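Read through the structure below, which is laid out as structure tokens, and then see the notes.
Going in written order, the chains are labelled A, B, C and D, and every chain counts its residues from 1.
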Amino acid sequence: MTELLIRNGFVYDPLNGIEGEKADISIRDGKVAESVGAGATVIDATGMMVMPGGVDIHSHIAGSKVNAGRILRPEDHEKDVERHTPITRAGTGHSIPSTFTTGYRYARLGYTTVFEPATPLLKTRHTHDELNDTPIVDKGCFPLFGNDWHSMEYLQQGRIEECAAYIAWMLRATKGYAIKLVNPGGVEAWKRGRYLVGLEDRVPNFDITPREIVRGICKANQLLHLPHTIHVHTNDLAKIGNYQTTIDTMDSVRGLGGDNKPVIHITHVQFTGRTGSAWHNVGSGAPEIADYVNKHDHVTVDMGQIVFMDTTTMTADGGFQYMLYQLSGNKWMNFDVEVETGAGIVPYRYRRNNYVNAIQWGIGLELALLIKDPWRVYMTTDHPNGGDFTKYPKIISWLMSRKAREKSIARINSIARNKLDLPDIDREYTFSEIAVVTRAGTAKALGLKQKGHLGVGADADVAVYNLNPTKIDPSRDYRLVRKALKKAAFTVKDGRIVVKNGEIVETPMGRTYWVDSQVSEGLMGKVESEMRRTFTEYYTVQMDNYAMDDSELGRSSRVSVKAEV
Amino acid sequence: MKEITLTLKRELHLPVEAGEISPDKFREKSIGEIEGIKIWEGNRQVALADIFKVSENSGGSGDEVTIRVVGNAAKVRKIGYRTSSGSIIVDGNAGMYVGEEMSGGSILVTGDTGSWLGTKMKGGQIEVKGNAGDYVGAGYRGTTLGMKGGTILVHGNAGQEVGCWMTDGTIRIKGNTGLMPGIHMHKGTIWIEGDCEGRAGGQMRGGKVIICGKTPTVLPSFAFEEIREKVKIGEEKIQGPFYVFSGDMNENGKGKLSVNAPNNPQLKWCEKYVEA
Amino acid sequence: MMILSKKIIPNVICTFCGATCDDLQVTVENGKVLNVRSGCSTSLSKFVNYNVERYLTPLVKKDGELHETSYEDAIARSAEILANAKYPILYGWSSTSNEASRAGLELAEWVGGVIDNTTTVCHGPTLLGVHDIGEVSASLGEIRHRADLVIYWGSNPVHSHPHHVMRYSALSKGRFRLSRKDRTMVVVDVRKTDTAKLADQFIQIEPNGDYELMCALRMAVRGDDLEQDVIAGVPAERIEELADLMISCQFGVIFFGVGLTMTQGRHRNIDVALSLVRDLNARTKFLIMPMRGWYNVAGANQVSAWVTGYPYAVDLSQGYPRYNPGDTTAVDVLARGDCDAALVVASDPVSNFPVEVSRHLAKIPVITIDPHPSATTLISEVVFPTTIVGIETGGGIYRMDGVAIVTKPVVSPPPGLHSDVEILQDILTHVKKLKMGQ
Amino acid sequence: MKVTLLSGRSLGQAKGKVTGKFTEEYLRNVAVCELDPEDLKSLGIALGQNVKVTTKTGSVVVRAAVASQAARRGVVFMPYGPWVNMVIPSETYGTGMPSLKGIEAEVTAAPNEKLLDLRSLVGHMARG
């Protein structure tokens, strides 16, 4: 029985309504407890800020596409290395850190849970191979649906329950946590060298539209009682004025939820928040999108904020990546995955003085500042697409300080500066709101009841930052905030101190969460035998070699739910 | 003015990485401090004095530093790493990565050097009396930024891919080169006084490659432009005549490839494209 | 796991070539493999003969001869050799499991060595090309379902990947391409190989002419005229015909082999091939894929890349990963005589490396972990016999197109033999003790 | 006779490899040089007799055979293995990859010279 006491810090625990009051956090056997004995190890957090460990809802840290990015870019790793120590493994950054390095760097930021948001079903075993080598943090992944032949066929035939059962089988086979949709229908089209536009185009060979796919899978998601909503990268990412598609996608599932609870998460909205008809007149669609989100509570979003740096863009949206290759002339990787999806990778440098990049930078921040309810907008960079996750403190300082924003606004492309609403926005996030958009809100959206808060029984994942909220004014002293958040004074994972003064002191293996949704045996039996027939026709791998065994996960954590069908 | 001499004490079997051998690193240091500088021999860190006898023969004034390396340093890498001023004279052979990222000053090697001579060089001068290896004035893997400035002069031969991804500066090889000088180059000049094994300028976007000796063929993606009596490099005029090609057309390249005509009769075919 | 009496095991994964067919039916009787169905002739030989020529105990060299020794002694000697080495090389990794590579990479960190896999002498140049250009590719099922033009270039799958053409390309049955007649097959090679005999068109190219031919093809695809009449032994008109064929297909693919990576120009042949395919995507859908040789060479690259950032040739001598093929690659490190000890896992460098390289190996202490005696075990200081992945031991592997699958044992190994992973972990544990002791 | 030497995989070599490297089958399949029938004639030796293959790196004695696929005058093929390695240069030109194909070589008749088995070949190699 190990006990830990985090004494006398300023605690931010929004889920339990605690907003910076001084409090002690007692920890026993990896969980937050009522109290601990005198023998407990003590962390003196006097004058420091205490928050639940960070929970990242969308960060590309593992899998075939991420590793292809690593292989594509030795020049990205050369200047950013982690040395071997008796405690830690060697590795490299920069925008696509190696797996061990990824775990260490998240822990240093005070993050303890990360979700890989796009993994081809056929290649999810690869994703888990890498997650098994990603230490400290708890993790999980979102397999890709919506361009897979099985889903499209079931939905086209209107067999929604069978579709749900098939998805349940796939989540179990791939040890996935939630359903990810990327450019539904559009990737199948791209794999034949074509683009779909909007939600009404029909997918070649499958006689179904993106709208029908999104609605159908959203229903299936509910039938399966999955902890997270569908997680959607909308259509038209490659289109210049794509904000309307984003709003249409949100609206396509309005009313499916009923009890005004979220039924769809739109990810990295910044990338699909553009107005305009050509690159020279691109503008921000953030006000329109924020207005929709403010008026409808069935939607959550994350920012996909960009940071001005050289990074590596990667998505399952092969068509978009091809467009980005044509725009940039940089090296380009494309990898289509049989029956299911695609992928593309292009290195890209976001430049302050580039008009479009400056607008993109503004869209992300406008969204976070114009959406009133922090519980429905989360901080991400869509790592590494908008920039790598170690830049989070910078983004937090932009959210908390108008002054920090003005400093950056002064340096961006002047035409963009005049076009954006951002300069006129006064809102500054509070520490509580930061805790929501980086932890509490994301944990809630993911349905992780034991995460994102410090109530009794919660997982003892805690971040302690050397920052005194009563002494500093984040609006003015945003640099201090940035500095303190870069290197946690302490990070506690499952009750063990893993980071001290920004250095790794222990590297336990985190859990891998996956969802096992129990559908009726009759239905599952029927769907399984149908799949046996199609599987060898569709795939180049045998069905029995395709499904993963629980034992392949480093530390499996099965989340069992009872499906409606 | 201070001159430091590093004399090899023993034969080397392991790769030695001594990027610290640079006037910038020595300028402020006493002999004792220089002797104590840590360098890598294989996977162990050793003091400079474990491998070199360090002596100073200071004369004159000014803070210009000259480093003289004596002995067969063929296994010593990164000599002159990030040098910005002063000079280095290697009396004998040097290993790989000589003058990596140097921005000023000068390096003279009287013997041969290993590959990646002047990697990512930004400025200054490198002169090699003997031969150089492959990838003279290149960068590391995956980068699109090779040598950015300065000049490299090799009196002997150079290996393959001279000036790979070169973005500026001048490379002059008095002897022969291997395949693909100027591969992917964007800007700058590569002057080969001897022969070239072939594929000169492959995938180049800009810059100049001049071959005074023989080369088996010119790539099909280069378009014959004209016959010129002389080509100009800075102030120098090189006597031809030359067949002048532009390319690499596959990269919409605006590069110029000049090949000595008399030495390459097999290229006579392009004369049929000369407008009478 | 002792299997008595006869039984047929379905869906067995073949651990020979990079195609890793996963539909073998292996008949096992009294713990012996009797027969293999639906595999190629090579997989049959592999499964039926896996047990001939094996050492059954570890060996160490005493006065020039290998003598049997205990497992513990062999582990201790290996750990000492590696811990004391000042620039060891750890080589092999493509004919074993991902788990073995993971253990090997951690060992390389602790002993400050260079770790390289056999990619270095097959598709290393392919990766160098990818670093410069990128790659337009797919999983093999995409080819099977959609490709109407299949080109094998410098590759002879009938010999190197016997079931590739049938399972994944020209002869396979796909959703949108039902049969051979829906596809055009072209072979480009320096000689009319047995694969060429299956093709609709064969283009014979002069040895070492690939770069020039690719260059000319890019020109033709762009619609530029070729000024030279014959390029790499191929007439200009023929090149223009091929370019038209590529542009006019709906979905094309180039499978290329070591005929491109091992010839003059090496990675630049790949560089220009990748560029050609990239260019083609402005006109139609076109992909390119290397024909990876060993069954888990792709896995060795994947594991190395996620652990270090680099797919092969990683130098950890200074405590962090560094990468520069040509410097940090096995052949160069050995040819320069830089390294002072070697660990060889599931490979036979003496049978695969040029003579000067093997000569240096013969001079330094070599530890070999391999199921079978080989030219390399002959010159080794320590030899660990080990169990065979995919037959006697399970383990994760990556198919040539990066699809991860998990092999399972079909028979039990000879008593007393350890797996690659166990041996490597035991050496690692011992090395850690020695290093922490220092 | 001046030739271009290609080395590569072959079914025989692959099978020999998996059946054991000290077997007759491996020796038969790998210690071999495949020539065009015409070239074989002009060397004036019969099938199965030995030839000596020489490059700037060294030389090796192997059995002569008629090209199983794609005979072409002036081009000879040897399967990957310890024998061909005796004549392969180690120069990689900064790429990590030695030249395994398209090597300039000389082939001469050597009916009376001994073909070394794997064990003796490796011993010979190690002694230098």
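In the analysis below, contacts are C-beta pairs under 8 Å (C-beta built on N, C-alpha and C of every residue); 3 or more make two chains touch, one makes a residue touch a chain.
Treat the numbers as computed from the prediction; the structure is a model and nothing was measured.
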Of B-C and C-D, pair with higher C-beta contact tally: C-D
Chain at the geometric heart of the assembly (C-alpha centres): C
Where chain C and chain D are represented by their mean Cα positions, the distance between them in whole Å: 22
For chain A paired with chain D, centre-to-centre distance based on mean C-alpha positions, whole Å: 56
Euclidean distance of C-alpha centroids - chain B vs chain C, Å: 35
Chain A-chain B separation of Cα centroids, rounded to whole Å: 46
Of all residues in chain A, the ones touching two or more other chains: 72-76, 78
Residues within chain C bordering two or more other chains: 128, 131-132, 264, 323, 325-327
Multi-partner residues of chain D (at least 2 other chains): 93-94
Contacting chain pairs - touch in the sense defined above: A-B, A-C, B-C, B-D, C-D
Chain D contact footprint on chain B (complex, rising order): 115-116, 133-135, 159-161, 178-179
Chain B - residues contacting chain C, complex: 13-15, 17, 40-44, 75, 96, 115-116, 134-135, 140-142, 179-180, 183-184, 199, 202-203, 217, 219-221, 223-224, 248-250, 269-270, 273
Complex interface listing, chain C residues touching chain B: 85-87, 111-113, 128, 131-132, 211-212, 215-216, 218-219, 222, 224, 226-228, 231, 264-265, 268, 271-272, 275, 279, 317-318, 323-327, 336-338, 340
Sites on chain C touched by chain A in the complex: 10-11, 13, 22-23, 98, 102, 106, 109-110, 127, 130-142, 144-146, 167-168, 175-176, 250-251, 278, 281, 284-285, 287, 301-303, 305-311, 316, 319-321, 323, 396, 398, 402-406, 436
Of all residues in chain A, those that touch chain C in their complex: 62, 64, 66-68, 70-78, 81-84, 86, 89-92, 96-100, 122-123, 125-126, 129-130, 133, 191-193, 205, 322, 325, 331-339, 345-346, 537-542, 544-545, 549, 552
